[in-house]
């Protein structure tokens, strides 16, 4: 792995179900245009509230992917 | 939305089930006295351990709500 | 509790299921050699991506335990 | 000043004009219910974008005020 | 403790004597109106200087208390 | 808003006039190639000095925009 | 520029007008004794409140200047 | 000192007396099993509250010690 | 320089030789597709270990470049 | 106070007695050459350990003073 | 890799030669007692000065290693 | 060492060769006017890019020195 170069992008995914699903939604949407994604790191966890309950979860992640040679 | 003023409060919710439920418990309890809550941001995620396993989850959130005119 | 001394260790647990299970895996493995664990705090939440989806979750926690007198 | 106790609250003010006006709006709204406010500290500066331009400014401040004896 | 909800407030206490007394002054003043305070965390330690010596100590704490059911 | 995915980019705008204009310049330039920008957050405020006065302001912002479905 | 050495100093400027003027006041005062100032970075933005309105702005900056050979 | 290797451990000491005594209690307990401790750094200062007063102080320190050759 | 707009990207370079070479590898790879790069800032320094020795260095940098008018 | 300009310096004081005395020692030493010191903020609290006990306390403070007109 | 549990330790290595050699010295010394080390992260870079020149480099790293099943 | 008072200054050194040389250049230049420098801590690592390669390294350090009695 020692000669690889990685680039990072930051995304926010949302879900009405769970924190994990919010992250999965962001990763899946990004995979339409970005290849070789390898890892993510959570940088912010938020959510929206409607009528006194959590309406949806909102997780921001930094994603790293290998740059093609 | 440009003329709104928001106030923030910080709460910790607990749950034996999941991180999401700990947040929901805090939001629901606050909704008894605070109206117009709009969003939250997680600022700390902790838990208590009993006999080598997680006994309950403990999530601290900052909640923003609109001040009535 | 006022005369207790605590020590902290930092662990990373992984799981293909959920963030909660990744934390539980780290706590359970540590309980084989560390006694009197009392609480944990999440310090980092990451994951690995394979073929455009999250392959496993990876959560780093700081664990506090009481030092035996 | 050595015997005073202060309490802090966190507010977000908004304005279509300027960063300074967003802060002033938050302070003026709070002064309807909070007395003896003494200082503020900016903790976050954000804004909303509409059609490629800044639509309004959004500044979060921590405000300190003296607790009545 | 797993079903409790906590709220946090931020206070600054002052004292001409010591850091510990500045914290105690803030806690005692808050106890006049807030019940069920459980813990505090120091977030800022400052002081005022007069004629080349420390005139008083000023400690900011975040205090957590249980919300009544 | 619960099914949206957002991407963030980081920009620095400059202006000889004001902090607000430096932000506006960055947002306007980005709007030539990025659509659906929704909000920004200031992450750094700097400036250059010439002959003992501020020559221009330099503000770095993180901008969030909706990814097209 | 590769052989230059820079030194940094930290200043707080105040103004009843605006954030920009508070920074300009600090830079102008420093230019009486410091030469070759090149840039600044804002590290803290505060203000004082009198009778429910902002009385003056207070901005802390780190200033870099070239050390004479 | 240039060939030494140091290891760090993190401890929390408690005391009903003072912040200094809480630190001393942690250092003394650790000295039963760790040799060659050289310095500490405070990373967190907390305390527990009972009946509106500080019941005990709780200080977390990072301790560095020389690894035996 | 007062009318320029900059964009930032984040990259990780690796090298078996040195920290400097890891940064150079990231900058050189990026220069194949990004023009007008002006500066970088190190945000993370890591490495991989094999058989008790550093196998390669891994440095993450934020790179700023001028947006074409 | 609205036309004042402040400068900050950073000092570390030491004491074998207490955290408060370490701060006082730094302020008193600085007062030999710096006039018009107004406040300080603690930025680091450390200490040296000898034979399993704290040998002296070491507190780093940022001190603000008014620049003469 | 999804079922692994990692533990982290923090070390400081020193060298009169270079930053890289200071890190290598810490990793090599740790490998005498710790097996399965996988990666490190730099958390602090310091050095000692003698007679106006750097006498040795001092780098603090957090090291992660796999816990044996 | 328990009665010493230290002052800190912040410097940026540059070098076309290496990170270590950039730090050495800052320390050597400062030693012309500052005596009794004891240690440094790296607070920022940056560099300038020309034609797709690193043109020079730029390291900011905080330097501590003993104040003369």
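Every chain is named by a letter (A, B, C, D, E, F, G, H, I, J, K and L) in the order it is written, and numbering of its residues begins at 1.
Everything that follows uses one rule, which is that contacts are C-beta pairs under 8 Å (C-beta built on N, C-alpha and C of every residue); 3 or more make two chains touch, one makes a residue touch a chain.
Everything quoted here is computed from the prediction, not taken from an experiment.
Peer 1: Select the interface copy of A-B from among A-F, D-E or F-G: the correct pair shares over half of its contact pairs, counted by residue number.
Peer 2: Repeat interface, by the over-half criterion: F-G.
Peer 1: With centres defined as the mean C-alpha position, give me the chain E-chain K separation in Å.
Peer 2: For chain E versus chain K, the centre distance works out to 38 Å.
Peer 1: Compute the distance, rounded to whole Å, between the mean C-alpha positions of chain D and chain F.
Peer 2: Once rounded, the distance between the two centres reads 22 Å.
Peer 1: What is the distance, in whole Å, between the centres of chain D and chain J, each centre taken as the mean of its C-alpha atoms?
Peer 2: The computed centroid separation for chain D versus chain J comes out at 31 Å.
Peer 1: Give me the residue numbers in chain B that touch at least two other chains, ranges are fine.
Peer 2: Residue numbers touching two or more other chains: 19, 30, 48.
Peer 1: Could you list each pair of chains that touch one another?
Peer 2: A-B, A-C, A-F, A-I, B-C, B-D, B-E, C-H, C-K, D-E, D-F, D-G, E-H, E-J, F-G, F-I, G-J, G-L, H-J, H-K, I-K, I-L, J-L, K-L
Peer 1: Give the list of chain D residues in touch with chain G in this complex.
Peer 2: 19-20, 23-24, 27-28, 30-31, 37-42, 63
Peer 1: Looking at the complex, which residues from chain K come into contact with chain C?
Peer 2: 1-8, 62, 64, 67
Peer 1: Applying the document's contact rule, which stretches of chain D touch chain F when the two form their complex?
Peer 2: Going through chain D, the ones touching chain F are 18-19, 44-49, 51-54, 57.
Peer 1: Which residues, counting only chain G, touch chain J once they are in their complex?
Peer 2: 9-16, 25-26, 29-30, 48, 55-56, 60
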